[in-house]
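Take a look at the structures listed below.
In the two complexes that follow, chain A is the common piece, with chain B as its partner first and chain C second.
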Partner chain A sequence: MTTIADIPQAKPSRRGSLTLRVGLALLGIHLVLGLLTVFWTPYDPAAMAGGRLSPPSLAHWAGTDRLGRDLMTQIMIGSRIALMVGAGAVVIGALIGVTLGLLAAFATRFLDDVLAAALDILIAFPTLLLAMLVVAASESASLGTAIVALGIALSAIVARLTRILAKRVLAQDYITAARTSGTSWPMVVFKHILPNIWPTLSVNFALQFGLAVIAEASLSYLGLGAPPPNASWGRLLQEAQGTVYTAPLGAILPGIALVILVIGMNFLADGLRDRADPMRGAAR
Partner chain B sequence: MTDYPLSSSPARTGRILRRLLAATAVAGMLAASPALAQDAAIDADAVIRIGSLYEPQNLDNTAGAGQGISEAFNGNVYEALFQLTDSGDVVENLATGYEISEDGLTYTITLQPGVTFHSGDPLTSADVKFSIERVTAETSQSSRRNSLANIESIETPDDETVVITLATRSISLPYNLSYVWIVNDAATELTANADGTGPYRLDAWRRGSSLSLTPFENYWGEAPSNGGVVFQYFTDATALNNALLTNAVDIITAVQSPDSLAQFLDNPDFTVTEGQSTTKLLLAYNDRIEPFNNVTVRKALARAVNDEQLLQSIWGEYGTLIGSFVPPTDPWYVDLVDVDAYDPESARELLAEAGYPDGFSFTIDTPNYDPHPIVAQFLQNALAEVGVTVDINIITANEWYTKIYQAQDFEATLQEHVNHRDIVFYGNPNFYWGYDNPDVTRLIQEAEQSATVEEQTEKLAEANRIIAEDAASNWLYLYPQIVVSTASVSGYPINGLNSQFYAYDIEKRAE
Partner chain C sequence: MTTHLDVRGLTLTTQGRTLVSNLSFAIAPGERVGLIGESGSGKSLTAMAVSGLLPAAIRAQGSITLAGQEVIGAPGRVLDRLRGTEIAIVFQEPLTALDPLMRIGRQIGIPLSRRHRRDGRDLSGRALESEILGLLEKVRLPDPSRILRAHPWEISGGQRQRVAIAMALACRPKLLIADEPTTALDVTTQAEVLKLLDALVKELGMALLFISHDLPVVASIAERVIVLRSGEAVEAGPAGEVLVQPRHPYTQTLVEAARAFDDALSGGR
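Our next item is the complex of A and B:
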């Protein structure tokens, strides 16, 4: 049998490994900051320790917000929340999306058409709009509902991709061979289909991670995301909006943190793609 | 939002219509020394561009049009029998005089002669009857519907006379009538059109953008000092500030944060005026349910919050501390700031006394616009200090209206109340916060039936003291009311009482 990993002709290009490394480094910044907050933050996030909108100082590296809370602490907690949202949404999106995609790939022609049409309709809705609908339908906004909402919103894209990839694999002769030799369908899925489509899916997951982080920031900006005291970057941006002339750092820093994480994930996706598809990397 | 008696637009502050001292001082320098060259420089044809965050939902104040319609239309397009001035006085407007019967139940009101509507129809007593009944009708969404519910009948013996008969005495009738637009009884489609008697007629309403008014040629009173006004609507305070900075508007009706003021203070091109506000920010509990039905718990929570620190955090050096629901401009104001002042130690003792030595937890339903979310976090921190856990549930203005105002399904909520003379809400046990003290209900009813203003004031001051001692809600602070304009305009109202913004005296100097 043939899986993509079995075609090792071309070495991953230098460019490929460079983007991968830059992506990992940018993501690493947030991983370190986010994990650190589990054990330690510069200040108690709720402590109104400084003055109103203090500028950066030795005591408060990034200054304070209107209530005198340390901004650096808030941004670090924002890293943790962004990572949780990204990872959570991707896991949920992957579980739902891959399951639906495989179902569609295996389904009878009629069911496949119905599922494909339903997925196309879902994809036509912007991710953020879908997530807002899910949040609105739930009792009250929380970090959990935001993650579930984003996961559901992302699952349609994953499902469509899975369906196409799985169908392509299913058409291969070796699947027929495997079936003829008595391999059960579940074994076919786990031994042949998933390993073959995994490299492409993982690139997609990395991209979806970035999308989920941006969408969560937007939800929080609108007051639909994680409620206070969760210091989501979107909420920090929203709270700093009114003071953007007098204390611009309050809006700029969460923005920079968001950009670093999303660019990092995009580089990572790029690097993964080059690795998964070495021919493409070499062709450049 | 509908015209319920509070605001739900982003951080709205009350615009009290009081022609204010500082503005008049500026106007005074320019216009009150009339013989000087300044006077000649006034451009009587200038169109005044007013920047606002409060676009009306429709054009009818009995159909849930929101506070924006009061801002644009009260006194400008529509007039009432009485007018609430920017300084809070009630003066005759379309009424030239009225007589009250011995028992205080019959008001005979004489109308201003020679008044015509914008459509050309003359004003008659039938129009007045029609207009009042529009507000008291079953389908009316006016916030003053309840206040006028004691009107038993309206008679029109001749074209210039209206006789209103009441079920019980009502000392605030002229005041309440100042909320009733006098509308032509032949007018239709009032949600999209207007036919009033005011100094301006509606020119055009471009939804989502602007509403323009032009002077009405046959106005019965003094013609406006300008050539018309355009209300430009914005959804974002920063965009509105930028519009003023770039001379796209002449006036901002209410500035929303001290930080945006930095751009206008110390800049000779702009005039910043602080007026008298009636906008109160409060943490309202659902007083019907445990533990908020316990006075001791409410007093403890009041003592746990450092209002001064909160006000400083949100408004810097602006704003005023209040000890109850009554702002200093209401006649029944009493300084109650020291009642349940900040004292976390005694807050903990009171909680223990009330049977909550380990505190309790509750949810604050928090409107999603500034400053509510950040205020909720302040309260979350402050109450955590005394062992009380607060969850914050962020909701939209619409949800606030249905969940809290209508369904009364909440534990506590944050809201700003903009209205003038609104202590009467504490006399209504069915109001959303469910405060029910028979003494207060009785005092507020008796105050309304008082024969003299002194008696009314005394009774309401007494009710005011009781609600403060009961810590009926947690009154956090009084917003400042700040109007900013380019230096070339003057004569605008600075208090914005009840969201009104009378435009007819605004003058603009020629550039």
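Our next item is the complex of A and C:
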């Protein structure tokens, strides 16, 4: 006999919190490794620490590269660089994108159309290509240039998203209600619009973080990213390319590190999405 | 007679269409005026025009003087100061008129502390919270300390409308505009909210512009009524006269329809 207790109840989904936790754990691995390198590394990253291309051992957990540098040290520094690039690019992309997006949402019809068309053209370019253009336009390749370039490349999507989300919030009654009680436009933006579009934006930022890390690895692989003393994973891959048959770990390990971080950020984005929209998690 | 709000020859147009034409009325401090009309007659637009919040696509002509200040064409800074001091609005749908992510206490606290700042007083922390609780009690919300920390979707429709009224009261406006404040509520709640509005307006000495399509509701709260039809005022006068002995054919049909509805109800018993 079926009783009330047997009927499945709509419970808050645990899946959301699980993906969020897995994402945070994967990100945590890199946060610990990356932060550690600020104070301590197993070996001097620039010095020869052992024989060339030696296999993993107790002294060198991941072996050494073709110049005899400790690979584990290089990968750990790569973590720090990847995190800096991801965070830096997302922050720059957010500052430019949110500002432009809000401007478009508040603008007159004409200005809005012009901004929307400009953003569409920017979005049509692949992120990496856009970043390469910005790097090429700057004097020298450096980590800072790469971060700024990626930030600019990411900003178009952020602006587009902010514009449409802000427009939707602006049409709500509570904005009119706030205005009638004497709230000025800047206060409406900070107290009502930004908090209401933040859940969706944060999902996008987590995804773009992963995107920026991959893009930076690609830039470094092509020699357009951080110059040699910085051990970016992309550059490690590129350096290990010549010895991939004799010492495959040199290419595999940076690749795995990259995958862990990017998948971690994607899980985090998925978890944030479920939290922002709990109904969606429950429907599954 | 001093007037708080003086609307003269207000005409609202958009893309060649006239939405409100040559509307004139005045509201004295403490006076209660009803604006009657069916959907699309320009009632809500008039309210938006009075608070200077018309959509950009709508052009306003004529003159609206609020507390001695011309509203039409006034710069945003001036309007921001008028709103929430001279005027406040309670809207029809209380769910969408509250920010879904903000706790009730904060939604009331923002206009409340702003109103105090305008008077040159700083209100924060404990003092602010006790004033918010006082407002929640004033609109007769049960368990104010729970509602203070609730989100809009955690309380009932009638409670939300009381919160919206508390937000308007937080501004201590000289004129309260109630735009169909009871339409989205069920009949029992409607009567309670009406009684509450009536008592508060009397107690605080506010002027009231009550907008509705519901004749009995307007008759119960307004001293004077203006009947609006397709943007034109067809009749105006004391509520008792207009609603008992309407002169204009349109008002007559409205009153007859309301009577027929009443008769149908009592005949069915």
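We take it that the second predicted complex is superposed on the first by the 272 of 284 C-alpha atoms of A that agree within 3 Å, B and C clash if a C-alpha of one lies under 4 Å from a C-alpha of the other, contacts with A are read in each partner's own complex, and residues count from 1 in each chain.
Convention: a residue touches a chain if its C-beta (ideal position, glycine included) is under 8 Å from a C-beta of that chain, and two chains touch if they have at least 3 such contacts.
Note that this is a predicted model, so its numbers are computed, not measured.
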For A:Trp40, is the partner it touches chain B (first), chain C (second), both, or none of the two (neither)? neither
Touching A:Ser140, do we find chain B (first), chain C (second), both, or neither? first
On chain A, which partner touches more residues: chain B or chain C? B
Would you check which partner chain A:Phe110 touches, where first means chain B only, second means chain C only, and both and neither mean what they say? neither
Touch test for A:Asp173: chain B only (first), chain C only (second), both, or neither? second
Should A:Ser181 be classified as contacting the first partner (chain B), the second (chain C), both, or neither? second
Identify the partner contact of A:Lys191: answer first if only chain B is touched, second if only chain C is, both if each is, neither if none is. second
Chain C touches which residues of chain A in the complex? 108, 172-174, 176-185, 191-192, 195-196
Seen from chain C, its contact residues with chain A in the complex are 51, 53, 56, 76-77, 80-85, 87-89, 91, 93, 96-102, 110-111, 114-115, 164, 167-168, 170-171
Looking at the complex, which residues from chain B come into contact with chain A? 237-238, 256-257, 259-260, 262-263, 309, 312-314, 316, 368, 370, 373-374, 376-378, 380-381, 384, 391-394, 396
What residues on chain A touch chain B, complex-wise? 46-48, 52-53, 65-68, 140-141, 222-224, 227-229, 235, 238-239, 241-247
